[in-house]
Amino acid sequence: MKVALVVDIVRPEEKQIAKELDEKKISYDVINVNQVNLPLKKGLYDYQVAVIRTVSMYKALYAAAVLEAADVHTINSSYTIYTCGDKILAYSKLLKANVPIPYSIITMSPDTTLKAYEELGYPLVDKPPIGSWGRMVSLIRDVIEGKTIIEHREMLSNSQLKIHIVQEYVKNKGRDIRCLVLGNKLLGCYARKIPPNDWRANVALGGIPESIDVNKDLEKIALAAAKTVNGEFVSIDILEHENKGYIINEINDVPEFKGFMAATKINVPKELVEYIISNYLI
Amino acid sequence: MKVALVVDIVRPEEKQIAKELDEKKISYDVINVNQVNLPLKKGLYDYQVAVIRTVSMYKALYAAAVLEAADVHTINSSYTIYTCGDKILAYSKLLKANVPIPYSIITMSPDTTLKAYEELGYPLVDKPPIGSWGRMVSLIRDVIEGKTIIEHREMLSNSQLKIHIVQEYVKNKGRDIRCLVLGNKLLGCYARKIPPNDWRANVALGGIPESIDVNKDLEKIALAAAKTVNGEFVSIDILEHENKGYIINEINDVPEFKGFMAATKINVPKELVEYIISNYLI
Amino acid sequence: MKVALVVDIVRPEEKQIAKELDEKKISYDVINVNQVNLPLKKGLYDYQVAVIRTVSMYKALYAAAVLEAADVHTINSSYTIYTCGDKILAYSKLLKANVPIPYSIITMSPDTTLKAYEELGYPLVDKPPIGSWGRMVSLIRDVIEGKTIIEHREMLSNSQLKIHIVQEYVKNKGRDIRCLVLGNKLLGCYARKIPPNDWRANVALGGIPESIDVNKDLEKIALAAAKTVNGEFVSIDILEHENKGYIINEINDVPEFKGFMAATKINVPKELVEYIISNYLI
Amino acid sequence: MKVALVVDIVRPEEKQIAKELDEKKISYDVINVNQVNLPLKKGLYDYQVAVIRTVSMYKALYAAAVLEAADVHTINSSYTIYTCGDKILAYSKLLKANVPIPYSIITMSPDTTLKAYEELGYPLVDKPPIGSWGRMVSLIRDVIEGKTIIEHREMLSNSQLKIHIVQEYVKNKGRDIRCLVLGNKLLGCYARKIPPNDWRANVALGGIPESIDVNKDLEKIALAAAKTVNGEFVSIDILEHENKGYIINEINDVPEFKGFMAATKINVPKELVEYIISNYLI
């Protein structure tokens, strides 16, 4: 009975998970995918569970895929990682399951992107399907800003980044909400206040964590979102829409939880390891 | 009762499908994703079936995702498109389902890639997870060639292309086999002879189509491969391994069928349209 | 006595030059660098003059360099091409020669770029050192727009494009001026009106050509700018600064002249070919 | 009387130069271009001399250009930096000045590159115009290797890297020679032995420094090469061609000198600082 902790760059969060595994006397290997090759081979990976914690989305995806092929249970699954790692796929699954999302138009050429801007009206948000920490998520307030963004996006060599999610701008009361789901349970939620000189609340951009009260509606939408993407351990970014109420902005498949722990005082690594023990190691 | 034919660049194959729809008097729209935006919205797409035929993998994937979210049946599904569009995901699913594949090692850094080369031994094949028409699929015959490839791959800005599939080189009898599957039926198979001055059989690289006899083993593996990825209309690249017999090299989710039709005399657009009618339009 | 006309994509302007060479009965070869290799070898290129007309800046630069090495006179020289092709180099040469330019700060990291924005104040212009047709030239009106541009620029794989020219925004009276210089002579000038929904006057972006009167100051600055970069056949973009008067925005080393001819009625190919004959072929 | 030491990443070599300036009691500023902006403005930079030592070629180029515009003497000049930083420009200048170089063909499209391979014959070398430490310099031994390189190069987003220098392969006796020139004087030369499992001698790739005797021919070609590109402090990579004798492979405008000092026992920072004092500070 053994656990794999899959990493590339080891952050404090991964160290905390390792420490918790140590304390619970769980046998585990740290698999650093930058240092170890992953042969596609059955019988090679002697683990009940692998916790996927790489910073790189693709490294997470491929490590999960290789381990699943060898019949290891991964948290999260490759399905969850690629669905959440791609905002168009995530939104599509959520819409199909009737979980509310921001109104979004997918555009695939410069001309049609400009047309979508004009149809939707300014201000609006434009983001590429992939990318973390709010990177390249753009607030577009008029046609000049829009043309500038389209031109820059066209210069990127990755064709995936030339696809646009043109999205209604949700005035966000100066904060957004982030909830952490583990298994079928909501661990908790907190808010991130938007820092000065930005319009995005991402902690990486200076967003300031603060505690909030969790209510039934928040719990309901967070659990519904997690379930839609088969997320076993995911964080959910939630916006407060003036008409639609709570809507899902994003789901993170390798959830960061430093800000969460600061705001909620919930010991996430402990919860995670206890969850793994009771569900997979007994 | 209406069909959507989703395209970006219209090739002869898409024209043949449209012609066949005309002849069978099926009502359909051509949706060119370079000219039309795709709002994520239920009730907007009044189609029973969408045939996804874009050249761009990402445009195929996102068009399928948007249409599925609006409850349109897509051929192929977004699941099939992303799984087949990514060779690591496809190999993982095939391995898990015990469908034979080339022995492959997934590597995620320059150093470990070089180590995998040395472990596997030369000659070997190195390919990135994504890419069509054999592009960047490299035959590596010694460490000098290997270092050159690793250096070039590191220069690419798309981090996904810095992931390597280091793979046994299957001596391929001067040809590879390509089979076309529609629904649960094998439409047929043909071979592509490797052109002079290359080691790959892709038609885009000059591979010459030739007819072959289909046997039970070929049928079995092709149907198993298609089923594993939920492929409804897919082509399967098959190699003849000296010890393992038939193995799956690749599955294509927007199958080209010009070479197939030339070699087998099977009318693919007719088969496809009849399949759609009898399964979805009646 | 022979001329080389060096091209990659043949536009109407190159056809007009060829036609003029025909009419004047000048012997010439069209060298399409996409179809012909350029060995670095003396004695191989039997031309008095090569007119460099590729759309690609690098193809222009390298064709000129190879021909110069073989003692062919090129219009323009490789020195002029690389200096004008790189806005930082061009501005540096102009400043050194006391030819007025927009006040500009060169920044080489995201943090210092943001600092330069704050120092200069909004609105301002940010452009990368290379790029044609106004591409990626951005009007930045506040810190949010600025951060968005910096983030996008950081995603580009070409490290040269991560360098910023942070520049005062010159309110441009709804137009900019473009002058054409040949040898030591000013051929003429015209204005380009800024199209609706843009702030840039580039013809490629919809700028509308209109005729203007040439005055002594305009002639003086255009000739000074051309001379500074050794430009033999160049077009000069000029802005009207409210305090500084005329200032140089950009110099183009493979000048487009369609708009110029429409506005000025001057036959540029005829002037160019007569210039070549009288200076190099007699 | 003041010196600027321009850096981005501070390596031991830059620390040694700073230490030498300290010892000689020369007043100097370290300008880290990642931390400090460079306004294009006369009178702002109160230096006699700037020593340009950034790792990034473009940062070196632009820092030199800005400082030159403000009438600071830079070592090296922006002219030397861009000429040496671009192998096609360097080869062109050398050929024009009759300094021997490897026979090279410049190609600008995939098809013509393949044609150049066939004309030149294998083995050959293919390198892009820019890049340091031997990166992407490829030994091509047959058409398969050649096609692989062309395909990879086409995937790079920087169009400059799609230009090829197709070059005769100079069998290099297991080593290449590197000479250091300062002012009009040859400081010395050493050899770099090619490491096992590579064909390139770059120290960054494991090349082992060893001392050699300097002869008149070596001195002559090194000084001629430096003079051709106006190099004031440059290192010259020299190959021993079986027919042509010494030929110039590359010139480095921000010379690394760790290996040189180990092999020759010459104190480069001391020589450099004394050179600056006697030429510019007295």
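The chains carry the letters A, B, C and D, assigned in the order they are written, with residues numbered from 1 in each.
The rule is simple: a contact is a pair of C-beta atoms (placed from the backbone, for glycine too) under 8 Å apart; a residue touches a chain by one contact, two chains touch by 3 or more.
These numbers were taken from a predicted model, which means no experiment stands behind them.
Chains that touch both chain B and chain C: A, D. Superposing the C-alpha atoms of chain A onto those of chain D requires a rotation of 180 degrees, given to the nearest 5. Two copies of one chain, chain C and chain D, touch each other, and the residues they use overlap strongly: the shared fraction of interface numbers exceeds half. Inter-chain centre distance (chain B to chain D, centres taken as mean C-alpha positions): 45 Å.
Taking the mean of the C-alpha atoms as each chain's centre, chain C and chain D sit 29 Å apart.
The multi-chain contact residues of chain A, meaning those touching 2 or more other chains, are 155-157. For chain A in complex with chain B, the touching residues are 8, 33-42, 56, 58-59, 61-62, 65-66, 68-71, 78, 82, 88-89, 91-93, 95-96, 101, 103-109, 111-112, 115-116, 119, 129, 156-160, 163, 166.
Of all the residues in chain B, the ones that touch chain D in their complex are 135-136, 138-139, 143-145, 147-149, 151-153, 155-157, 161, 197-199.
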